[in-house]
Structure formats: structure tokens, C-alpha cells
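Next come two complexes built around chain A: one with chain B, the other with chain C.
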Partner chain A sequence: MGQVLTIAWKDLRSELRTKESINAAAAFSMVILVLFSFVLDIAGDSREFAGGLLWLVFAFAGALVLNRSFAREQPNDCLDALVASPLPGWALFLGKAIANFALLAIVEAVALPVFGILFNANWLRFPGWIALTCALATWGMTVIGTMFSALTVNLRLRELMLPVLVYPMLIPVLMAAMKLTTSMLTGEGVTADDWVWVKLLIGFDIIFTSLSLALIDVILVS
Partner chain B sequence: MSAAALDVRAVWKYFGDFPALRAVTLGVARGECLAMLGRNGAGKTTLLKILAGQSSPSQGDVSVFGQAGRTEAARRKTGVLGHGIGIYDELTARENLELFGRIYGVPDAKRAALDWLERVDLKHVADARAREFSRGMRQRLAVARAFLHEPDLLLLDEPFTSLDDRSIALLQRLLAGRLAAGSTVIMSTHQLREAMELATHWALLVRGKMVHKGERTPEILADPTWVYRNYGEDS
Partner chain C sequence: MRNKILVAVALLSGLYLIRNLYYILLVLPDEAAQGAIYRILYFHLPGWITSFTAYFCAAVASIWYLVKRDQRADEFAVAFTEVGVIFTMLGLATGMVWARIIWGVWWVWDPRLTWAFVCWLTYMGYLMLRGTIDEPGQRARIASVVSLFAFVSVVITYKSIDWWRTQHPGAVLSFRTGEQRIDPAMENMLFHNMVALVAFAGVLMMLRLGQERMQRELDALRRQAHSL
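Entry: the complex of A and B
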């Protein structure tokens, strides 16, 4: 576990020094939220679709963070140095996933209050549920994004390829997160019918985390 | 305990249809310092990447210290300095070495990092970011990274590139120290004279084939280009 935290610390420290992707992701999410607030009629019942809009913003902004995950290792061939070290592939993957999760959480923490103001949405009505939904869905996005960041790191068009590959894989996560968030924003809260979406998020996270940990060594060593 | 540090048996590596390595067989004993020679594109870097576990062979077997394949134990005993220096530009020199010290399980990574910064003459810039360093300073930091955990096997790809004469002397001193401690060194290089001063053995790759491996003799030390004249494509 020490090596996992070492990698997470390294990625967070590098990113927080340059703020390359986090600034871009936060600014992008703000711009999209502001633009949508002009386009959509927030005087009407925007809460019906605001949950969907929120998760689209998180997904698009997230791609900016996730794209940099393994790309950060390219200058000076740092990935080669890590692959040649005794660091297990799973530790490298988990460390990077934890760092990406933290960065996405920061972007979400910045975007959520702005979203609440612009769309007149009371997202604090069910704080526990919104935190759980964000945590589960963000981990799902992080795992898939980190995995595909490793897969596409040597591609010339990786900035283009990552979203193309990642978004179709994220459909179950985004559907579940949108449904749950909409239930909370409309004031219904999470009902017994919504539990299937919570279970879907948990199942997705477990399956894709396990798959990624099992496959990462094959991906890293050509 | 096996006497061989490295055992490479009939290794092929294809990039598409192109064979970068062709049935390479090589044995390196513990304590040996092997200068791996060859023109550009001969396959030196490809072979070193396979030995370092950064790439897998298309065919054939590699064992490091008697253990087949890419084991964690073998990687812990190996220090690698490749074409890329493996240094994070956004971290300071001290942070870079502490990071790799922790990854390699060095008991006191902070102390070891400072100790190695002093040995490569970078202690005065320990808290400066690596991106601010000159090319030679970055190469010295990379050398410290590769030596930090006092590896039993050192794999060096063009280690003398970008170094001035003072830094070359420093690297030669450090390598001589590791050899005296019983480590095995394999280095690919075009700088024949610097390499031959340390080498106990030399090997020559020509278009992916290992055409010769033997002891370094006094005549090679006197005139390193003898190697290419007698065994290389010039012969």
C-alpha cells in the first residue's frame, strides 16, 4: 500500500505544481455550466434534466484530467523507469487511479456549487446520497479513464482516442449517476426502485477495478 | 546460487515483420562489465529493454540471477539508465530520488537521496526542480537514480552521452565502485574508449545478431576501433 500512496503523492504533487489539467477541467466545467444556463429555461422544471447535464459536464471535464494520467510519464521516458522498477503494475495503476479520483473530486467540488446556483438546484438536500453517488460514479470514471490512458499513452492521437474509447464504456455509470442525481434534485430522494442503480454502480466499480488490476501488466510491458 | 547474472537464450524480437533481434544468445557472469557495441539500429537498446523487463521477447528466454522472466525480485536488484533519463521535471532533485528510493525499498530513502545528491555533485540544487537543470545535471541526477539502491546489476544505455569530461570521470568512478562491490554492469555505448577502460568483456551486435562476445584484450584498449575492423560490418 505504501507504493500505491507513493505514486498517488507523486502524481498529485506534479499536477498541483503545474495545475495543467485541473485548471483546464475546472474552467471547462464552468464554461459549459454557464453556457447551458443561458440556453436552458431554468425558470421551468430544469431539475428533471439537470442531473443528466451535471454528469455530462463531469464526464467531459474528467477526460481532460484522465488524458494526462499516463501522458505525464512520457517526458524523459519516466514510464520505462517505473516499469523497470520493482513497482508492481497494480500498485502503479491504483496509485494513479487514486490521484485521478482526488483531482476529479476537486473539479466536482468546484462545479457543484456553481451548478446549484445557475440551475437553482438544491443539491444539499440529500448530502449523504449525493456524496455516495459522486464517489461511486467518479471511481467508475476514474478506473476506466486510467486504464484507457495507459492503453493510449503511445498513440499519436491519444487526446482524441481517449474520449472515443472511454465514453461508450461509461454509459452504465453515467446512466446510473444521472438517474440517482435526478431523483435527489427533484426532491424524491433515493427510493427502493433506485437501488438498482446504486447496485449497478457498485458492481461496475468492482468488475472494472478487478479487470484493470489483472490486465495492467500486460498493457505496460509490450 | 547461480554464477550467471544474466542468461539470454535464442531471443528474437519483432517490430511488425522486422526482426530487431535475431536469435541472440548471451551469458554474463556475476561481476562482469560488458560493453555492448554496435552501430545505430543494431538492436542494443532493444536487448537492454528486454533485459530490464521493459519489453518482452517475441521468442526465447531471459533469466536474471537465475530467475526466469520479469520478476519483482530481479527488478529490485537491477538499476536501469535508458535513453530517457526517467526523471520527473516537476519534482525537485531530492523528491525524484526519494520517490525512487521508496519504490526500490531503500531503508532510509531521505538519507540515501541526500547522500547520492552529494556523490553526483547536486546537493547544492537538491530543492530545485529538475526542469531547471542543464542537460549534464539531469544526466547526473539520472545516474544517481539508477545507482540509488546499490543494484547488483546495472543496465546502462549510452550512459556517457551528454556528459562533460568531469561527469564522465565521475560516472566511471561510480561504476568502478559498483564493480568492486561485485555488481554486474552491461552498457551499450558508442564511446568506445570510455567504455573499454572499465569493461572486462565486450560483445558486438550487427543487425540484430550477436556476432561476438569475448574478453577485452590490451589491444582493444589501445585501439577500440579494432573491434569494428575485425568483427563488424567494416571487416
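Entry: the complex of A and C
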């Protein structure tokens, strides 16, 4: 576990010093919000679609952070050094995933209030559920994003292949998060009907985290 | 010898399909609520079962590759996946035609249809990914991991008719529902067509496997020629 935290702390420190992807992600999420405002009538009742928009913003902005995760190790062959170090593959993956999770949480913490103000959405009606949904869905996005960042790190057409592979994989988690957020915004809260989505999120996180931990060595050791 | 068996199975599955078509179109009666169009069920459901079977085999082949690092496993995985994608398209297309007649629209975004579509997108991504990697070892490694990730969407699609109650009808086969919700003659016919389609898919798979092997041989020869 010490190794995991070392990697996570290393990634966080290097990101917080340069602020490369986190600034880009926060700025990009604002750009998407502005673009949405042209398409939709926000003067009326925005509660029906605000949940969906929120997760689109997170997915697009989050991808900027996640895509860089392994790519940033390429200059100076840092990735080879990491793989050659006595660190097991799963610890490397988990450390990076934890760092990415923290970064995404920062982006979300910035985007949520701005989104609430611009689109007139009240996030504080069910604070516990919002926090739980964000945590579960963000972890799901992080695991898939980090894994596919590792998968495609050495590919010729990396930038082209990543979105084609990552977004379909993310659809289950995004769909569940959108449904839950919409239920919270429209005032009913999470009802018995919505439990299937909560279970889907939990199942998704467990399955993909275990798959990634089991398979990461195959990807890293070439 | 292998080719002869292949031709024989292809002929048999073709004849079987023709025999099934005769029963579907001329012997079995119209369904009480939907009339004649219900017959598309005999291709819709077996089409999906065939594609799920193909994806399952692709996932098994991928595990086989990861464990044994055997290039043949990778050949099987790609052949199964391509056939699976074809039958997913058959399932989507028949479903859309059916929806147009019964629901009045080609497509609705209900969870069951959405998962099926996601499943198709995921495997298309897998096939595209394979096209972008030149080195066979790396391609097989990355593709088998993606195939295992993609298989989760197949499981969700298969279970989606149980998990969500939506416009798309739920399970009909008695081993899924635990009771006889469909007329035994119709259910029987579904199984007949399932066997015919799976046999046909097997032939397609073997053809694709042959092509993949030849491609690999060609690549090896080309590399050899370059090194001379």
C-alpha cells in the first residue's frame, strides 16, 4: 500500500506543480457549459436535462486528465523505468488511479457550483446521494480511463483510438450517474426504481477495478 | 479435408435454414396480437444468441491467449469477434424493422436497446484498434485485454431484459422465465433456427480464421523479404 501511495503522491505532485491537464480540464468544462447554453433553453425548467449535461461535462473534461495519465511518463522513458522498478504492476495502476480520482474530484468540485449557478440547478437537496453518485461514477471513469491510457500509450494512433474505445466503455457508468442525478434534481430523490442504477455503479466499479488490476501486468510488460 | 467439411456444414446449415423458413412462413400460424410480423422473432432472437455466443468464444480465446501466449488463440478471437459483430448487426436491423411496424419508430432509447448498441460500438472499437497496431504480439496482447473489457457489455446486454422493465419485451424462452410463456411449437422453431444460425456462424468463423492465418503468413513472408 505504501508503494501505491508513493505513486499517487508522485503523480499528484507533478500535476499540481505543472497544472497542465487540470487547468485544461477545468477550462474545457467551462467551454462545454457555454456551448450547451446555446443549444438548450435554460430559461425554462432545466432540471430534466441538467443531470445528463453534468455528466457529459465530467466525461469530456475528465478524459483530458485521464488520457495524460500514462502518456506523461513517456518523455525520458519514465514508463520503462517505472515498469523496471520493483513496483508491482497493480500498485502502479492503483497509484495512478487514485491520483486521477483526486484530480477529477478537483475538476468536479470546480464545475459543480458553476454548473449549478449557470443552469439553475440545486445540488444541495440530497448532498449525501450526490456525493455517493459522484464518488462511485468518478471511480468508474477513473478505472476505465487509466486502464485505456495504459493500453494505448505506445500506439501510433493513440489520440484517435482513445475516444473510440473509452466512451462506449463509459456509457454504463455515465448512464447510471445521469439517471441518478436527474432523479435527485427533479425532486423525488433516489427511489426504489433507481436502485438498479446504484447497483449497476457498484457492480461496474468492482468488475472493472478487479479486471484492470488482474490485467495491467499484461499491458505494461511488453 | 477441412474445406470439404466446411462446404458440407455450409450446405447443411443452408438447407436447414430453408427448411426452417418453410415452417416459419407457411406452417406456423400468425401471432394473436402482432399478426405476421412476429415471424421476425425467429431471426431476431437467434441472431442475438449467435452473436453472444461468438463474443463469449472470443472472450475465452482471449483468456487462452493471455494464459498461453498462443498466436492461434488470437486468430480465433478476431474471427469470432467479426462474426459476432455481423450477427449483432443482424439483431439490431431485425429489431429496428420490427420496432418500425409495432412501435411506429425505428429506434427508442430504452436501456435494452441502448446496451445492445453500446455492445456493437465496443466491438467495433476493438476491430478498429486491431487495425492500428502492426506488431502481431502487441496487437494480440492489447486486443485480448480489450476483448475481456468489452465482454462485460455483452453480459449487461444479455441481462438487460431482466434488469429493466421497458418498452422492449422481456425474456420469452422458458429456461429464462421458468414458465411456458410462449407456444411450445413457436419456441421449438426458435431453437431450430438458433441451431441453423449458429452452424452458419461457425462456417463464417472458419472462413475468417483461414483468411487470418493466410494474412499472418503473408506478413511473415513480407517481413522476411524486407530483411533480405
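What we mean here is this: the second predicted complex is superposed on the first by the 221 of 222 C-alpha atoms of A that agree within 3 Å, B and C clash if a C-alpha of one lies under 4 Å from a C-alpha of the other, contacts with A are read in each partner's own complex, and residues count from 1 in each chain.
Criterion: a contact is a pair of C-beta atoms (placed from the backbone, for glycine too) under 8 Å apart; a residue touches a chain by one contact, two chains touch by 3 or more.
Note that the coordinates shown come from a computational prediction; the quantities given were computed from them, not determined experimentally.
On the superposed chain A, the positions of chain B and chain C stay apart, so the two partners fit side by side.
In the superposed model, A:219 lies in contact with chain C only, and not with chain B. Vectors from the Cα centre of chain A to those of chain B and chain C enclose 90° in the overlay, to the nearest 10. Once the two complexes are laid over each other on the shared chain, residue contacts for A:3 go to chain B alone; chain C is not touched. Of the two partner chains placed by the overlay, only chain B lies in contact with A:87; chain C stays clear of it.
Residue contacts after overlaying the shared chain place A:56 against neither chain B nor chain C. In the superposed model, A:27 lies in contact with neither chain B nor chain C.
By the touch criterion stated above, A:17 is placed in contact with chain B alone, chain C being left untouched. Contact with neither chain B nor chain C is seen for A:135 once the two complexes are overlaid on the shared chain. Once chain A of one complex is fitted onto chain A of the other, the partner contacts of A:156 are limited to chain C, with no touch recorded for chain B. Of all Cα pairs spanning chain B and chain C in the superposition, the closest are 5 Å apart. Overlaid on A, the two complexes show chain B and chain C touching the same residues of chain A, namely 222. Against chain A, the residues of chain C that register as touching in their complex are 66, 111, 114-115, 118, 121-122, 125-126, 128-129, 132-134, 137-138, 141-142, 144-146, 148-150, 152-153, 156, 163-164.
The touching residues of chain B, counted against chain A in their complex, run 49, 52-56, 70, 72-73, 75-76, 78, 80, 82-91, 95, 99-100, 102-105, 129, 138, 145. On the side of chain A, the complex with chain C involves touching residues 144, 147, 151-152, 154-157, 160-161, 164-165, 168-169, 171-172, 175, 196, 200, 207-208, 211, 215, 218-219, 222. By the touch criterion stated above, chain A contacts chain B in their complex at residues 2-3, 6, 10, 13-14, 17-18, 75-78, 80-88, 221-222.
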